[in-house]
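We just call them A, B, C and D in the order they show up, numbering each chain from 1.
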Amino acid sequence: MTEQEVHERLSARFGDEVGPLGEPKADPFCLVRAARIADVCRFAKEDPALAMDLLEDLTAVDAPKRNVIEVVYHLFSYRHRHAIVLKVEADRAAPRVPTVEGVWRAATWFEREVYDLFGVEFSGHGDLRRILLPDDWIGHPLRKDYQEAGGYRGIDNVRENPLVELRRLDERARALRQPEATVAPLAPAPAPATPAPGEKA
Amino acid sequence: MERLILRRLQADGEEMILNFGPQHPSTHGVINFMVETDGEVIRKAIPDVGYLHRSIEKIGEQVGYPGFMPFTDRIDYVAAMFPNEGYAIAVERLLQVEVPPRAQWLRAISCELCRIASHLISVGTMAMDIGAFTPMLHGVRERETVNDLMEALCGSRLTYNYHRIGGVAFDLPEGWRDRTLRFLDHFDRFLVEFDRLISFNEVFVKRLAGVAIIPAPLAVDYGLSGPNLRGSGVDFDLRRDMPYAAYPHFRFQIPVGKGFVGTVGDAFDRFYVRCLEMAESSKIVRQALESLPDGEYMAKVPRRIKPEPGEAMSRVESARGEMAYYVVSDGTEKAARVRVRTGSFTAMGIVDAISPGLMVADLVALIASLDVVAPEIDR
Amino acid sequence: MNQPAALPGAPGAPTSPAARRRARAVLGLTLAVGVGLPGLLFGLIVALTPLRTVVPAGWSEGQVFLLHAVGLAVLAVVLVTFGAVVSGITVWWEMRVFARMSSRVGYNRVGAGGFLQWVADAVKLLLKEDLVPADADAVLFRAAPYFVIVGFALTFVVLPFGESLVAADLNVGVLYVLSVTALVVVGILIAGWSSNSKWSLFGGMRSAAQVISYEIPAGLAAMVPVLMAGTLSMQDMIRAQGAWPWEWNVFTNPFALVAFVVFFIAQLAEGNRTPFDLPEAESELVAGYLSEYSSFRFAIYFLVEFGNLWVMSAIAVTLFLGGWQVPFVGPEVYAAARGAPGSIPGAGWWGLQVLSMVVFVVKTLAVLNLIVWIRWTLPRIRVDQMMSLCWKYLVPFAFACFVGTLFWQLLVTAAPWAARATGYALTAGFLVTAFFFLRLTLRNVSAAGDRVDLTNW
Amino acid sequence: MAQNVRAYAAAVGTTVRSIWHGMSVTLSHLLRRPVTVQYPDRTPLPVRDTLPARYRGFLEVDPAICTGCQACERACPINCIAITLEKDPANPKQRLVTQFDIDEAKCMYCGLCVEPCPTGSIQHTREFEASSADLRTLTFRWAEKPFPVYKVAKDATYYPRAPLGSILRPMLEARRWDARGPEFLPPEPPKVTPDAPPRAPGAAGAAAPSRAAAGKEHKP
């Protein structure tokens, strides 16, 4: 089946809840109403004509301009060798999407990852913990507005940039060569500027 | 979770929590397993990943399209050609660039050599985890030759950065073809010797046959792919079934687990499918070198890569299963989202389900047979 | 600031001339082999020779007592040192062999062919900090290595290095060996428990289960030569065998051949050697009972592990492979060279002792090589398979051999030619097997498109 | 029962046979030549000279043919190249490269900077032995003395590049492995903008200016 046929079959079953198949150049996708995604997925897996037995990928895309987080489902059928891309939009402020863990077990880890990196809550998920980042990490790094704290538990992750520092040294040397310029006396070089532990958020 | 397990532990007092990793000789990188054991028998092994998370997907949003290529090397540094290829194909689909045939062939050659190199590590470390050291070093010895070939081809032994959006970075160097054919001649003999050294060694077979069986439906449900999936008896290979690059032009078999010495889907099947795949890769490289078309090895690609808004997915049969890149473009020079779906990630998810009832030594066999590589899980 | 010596091969560093390197290597080897080994062997010979045989007539009681006391002290020092040196050299040899098996060079930097690497390793270990984990049972943790080394060193007491070269020819020799080697398990178990580490505990438990199980087939198999010789004394058991292969226990009795295999496997298991290295399975238990040890205590475990190779091989040689028996040198030759009792024996006698010792050492090294070779070929078995191998295969086989030998001895008493014929037949069979094996090996070389090349050994 | 006995015997048989084959393979390797390359001091040639031409080692810039186009700087995904161009005070028509620094400690040797170079001035050499006790010494300064940019002649097919490695090699040889790099200036105090209250240095989001300038400077 082509994507169009797969989409037709889904629309025939779910009507308006499955949006139209987009026409982007490379891979078309269709938008599904968030509340019905688990049902749509279950149908896609269990309907013998579709038989989407593989959840190939489950991920998310942050779209701050539209104030949504899109959760993307790539489904594939080993039996029929066809695929479809489903998308669900969730509110950025409190993203919440039903889990598809009950449909494919592979979703357990995929959803944990999306929860970890985007902060999307999958309601009904049995084990929604952070997977890649430490449990006490603050923020969800793959969101576009994520600001890095600059370290973790007092472990600094910033290295002095010799390219910038050397340029500063050059500029200073040049200033020293020009007699009219006044140069502030150099303080002895202090220890590398690492903030004290605990100051990091 | 820890507290949960501890509470259960206090309840009956018979079980022990073993922190298997993050620094453990057989976790193949930095992975932790919280193993609940009753003596030698595992009640549950809960994988804890993320120790090697380097936010490569975030980096993909911050460097331009061509600049991300070297980072893909670091996704799976045991087989860095596949991430290269997957990313290149995804962006090419976004750009709608046609890759010249010679580049397609070069991609297939480099990837299949890389598959050999990666599987050598996999089967070698598997033998090592089972306790035989020599096969591992034999594997590494052969891999060194592949590394030398790669070094001559693209200048690096590990992080190749060979593929480019629209083709490959270099043509074959002089004499490379003959060197490769010589290696393949030697390698086919090596595979026979390797089988006699370890594959069918009775001690080895007894350690793996019927151990950690993953039935086909479970493997599909958990999204296993690549040799792990084929080890469970599912006859599916992206190179044959969803052809990309030059693969439709080659003839090769897809080895599938048949329960060679035990049950379909056991650790030995996953191991031996890799051994057989190496022989197939060797065949593919030979065919590709023989039928290598002339012409450009790089398509005409604009200097500033700026795909129109849209999204594309590329699926590549990597050494560790399906590697898929999902690239979303917003029309700028930087991707809006680069998502990497890796075989190791899904393979790791199944440990939870397979581990109960195994012995501690079998857990080692299970991890080795899944051939997970920590950076590929964590990215 | 001192300029540190440039790293070899670093840009600008002079590459060391080959001549200097060779000279250094030759010096290292000369020192080690030329001075160390003969010195040790000589010490061993002097110390092991029962003092009674060399005490001149006419010495007073007190003088003899003093001589014995001094002799025993020297003996103890020499034996333990010998154990340590042998274990070190075994490490070197094993690593060289393993390296070749995996297409590498192996030790080659310290001394000629890296011969002194084990000295460097030992010194390094001695210089390391002796750590005791905070939550470990400190007393037991510190004590465990002593159990291990005592169990190891005590076996040397009855190891017959030559015709008269044995510290004490106990009349319960075999039982003595079986019992003192069990001390090693106690040490390992203590180490596993006291480390307060789960890995160590696993290792200790596995070790206990393994060694205690395999004592049974080992003991049963060892009873076969005991039955054949009718004695428990190690020396007498060797004397009951001949010098030629067809006179060895292993070939004169088909049951003994099987018993030898069973005994050998059981010894591998007791010595924690692959495929039975479960207690310290690196890829499973990190280092098992050794996980928490460092420094000298760690070195002791390693000394024992590799020294045990020697002990295992020596016992197998004694029981099954004819010990120190030299062809054409029967007991009457020794007696003739010995001269009158009460006099210090002449040079001929000493020469014979050295000869018998060389024979013993060569045989032991051959068996030792077999163990090394097996280790780097086979994977490790699982703990339940280890148990099933012991109880389902080795124990029945050992018992069958034991019973079979009873009947065999009846047969041999009735028809002595049977033993001789079996000896010829089995020796021939062994040679044919070895021939086919070597042919297969050479074919392996050519099948891989390679050729035999020993130039870089 | 007979079945069991046969299985029992077969188990012993296959075990012996497979061990027989395995051990003959390992023994056969005792007879073959090892493959080890005894880097660094026991190789017939310095390893550097045995590497293939495409080897991606340390970067080398030939200032004589550098056009100052900054294509390499733009191509670098991790910003480890810094180039500054200035007008020559003596000759306003001539532009000078006053800074051409490559942070080889950060470089990931991907080769992306080499590809866009119009003259082949920046190239990977086969040098790789330059371990150092101080990361700062691994920043190579190719414009220690400002150099004028190279003017590419029309329809030029050849650029007079110094032999590959001939510039870098003396630099590496002159270096001592334990040499210390230059002392950097103390960090500038964070600029306090009048409308925003000063925040604690290092707090989340309050990137110090030097850090902002440093761009993506995160250790993996």
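We take it that a residue touches a chain if its C-beta (ideal position, glycine included) is under 8 Å from a C-beta of that chain, and two chains touch if they have at least 3 such contacts.
None of the values given here were measured: they were computed from a predicted structure.
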{"item": "Chain A to chain D, fewest steps along touching chains", "value": "1"}
{"item": "Centre distance in Å when chain A and chain C are each reduced to the mean of their C-alpha atoms", "value": "61"}
{"item": "Euclidean distance of C-alpha centroids - chain B vs chain C, Å", "value": "44"}
{"item": "Interchain centroid distance [CA atoms averaged], chain C/chain D, Å", "value": "51"}
{"item": "Inter-centroid spacing, chain D versus chain B (mean Cα positions, whole Å)", "value": "26"}
{"item": "Set of chain C residues in contact with two or more other chains", "value": "101-104, 376-378, 444, 448"}
{"item": "Chain D residues counted as touching two or more neighbouring chains", "value": "19, 21-22, 25-26, 29, 35"}
{"item": "In contact (per the touch rule at the top): chain pairs", "value": "A-B, A-D, B-C, B-D, C-D"}
{"item": "Touch list for chain A against partner chain B, complex", "value": "24-27, 29, 53-57, 59, 61-63, 72, 74, 78, 81, 85, 104-106, 108-110, 113, 117, 129-134, 141-142, 144"}
{"item": "Residues on chain C engaged by chain D in the complex (per definition of touch)", "value": "1, 3-4, 6-12, 15-16, 97, 99-105, 108, 373-374, 376-378, 393, 437, 440-442, 444-445, 448, 450-456"}
{"item": "Chain A residues within the chain D interface of the complex", "value": "147-151, 157-170, 172, 186-187, 189-190, 193, 195, 199-201"}
{"item": "Chain B to chain A touching residues, read off their complex", "value": "1, 49-50, 53, 55, 57-58, 61, 93-94, 96, 218, 220-223, 234, 236, 241-242, 308-313, 315, 322, 324, 326, 328, 336-337, 339, 341, 345-346, 348-349, 353, 378-379"}
{"item": "Interface residues, chain D side, partner chain B - complex", "value": "11, 14-15, 17-19, 21-22, 25-26, 29, 35, 51-56, 75-78, 108-112, 115-116, 124, 216, 220"}
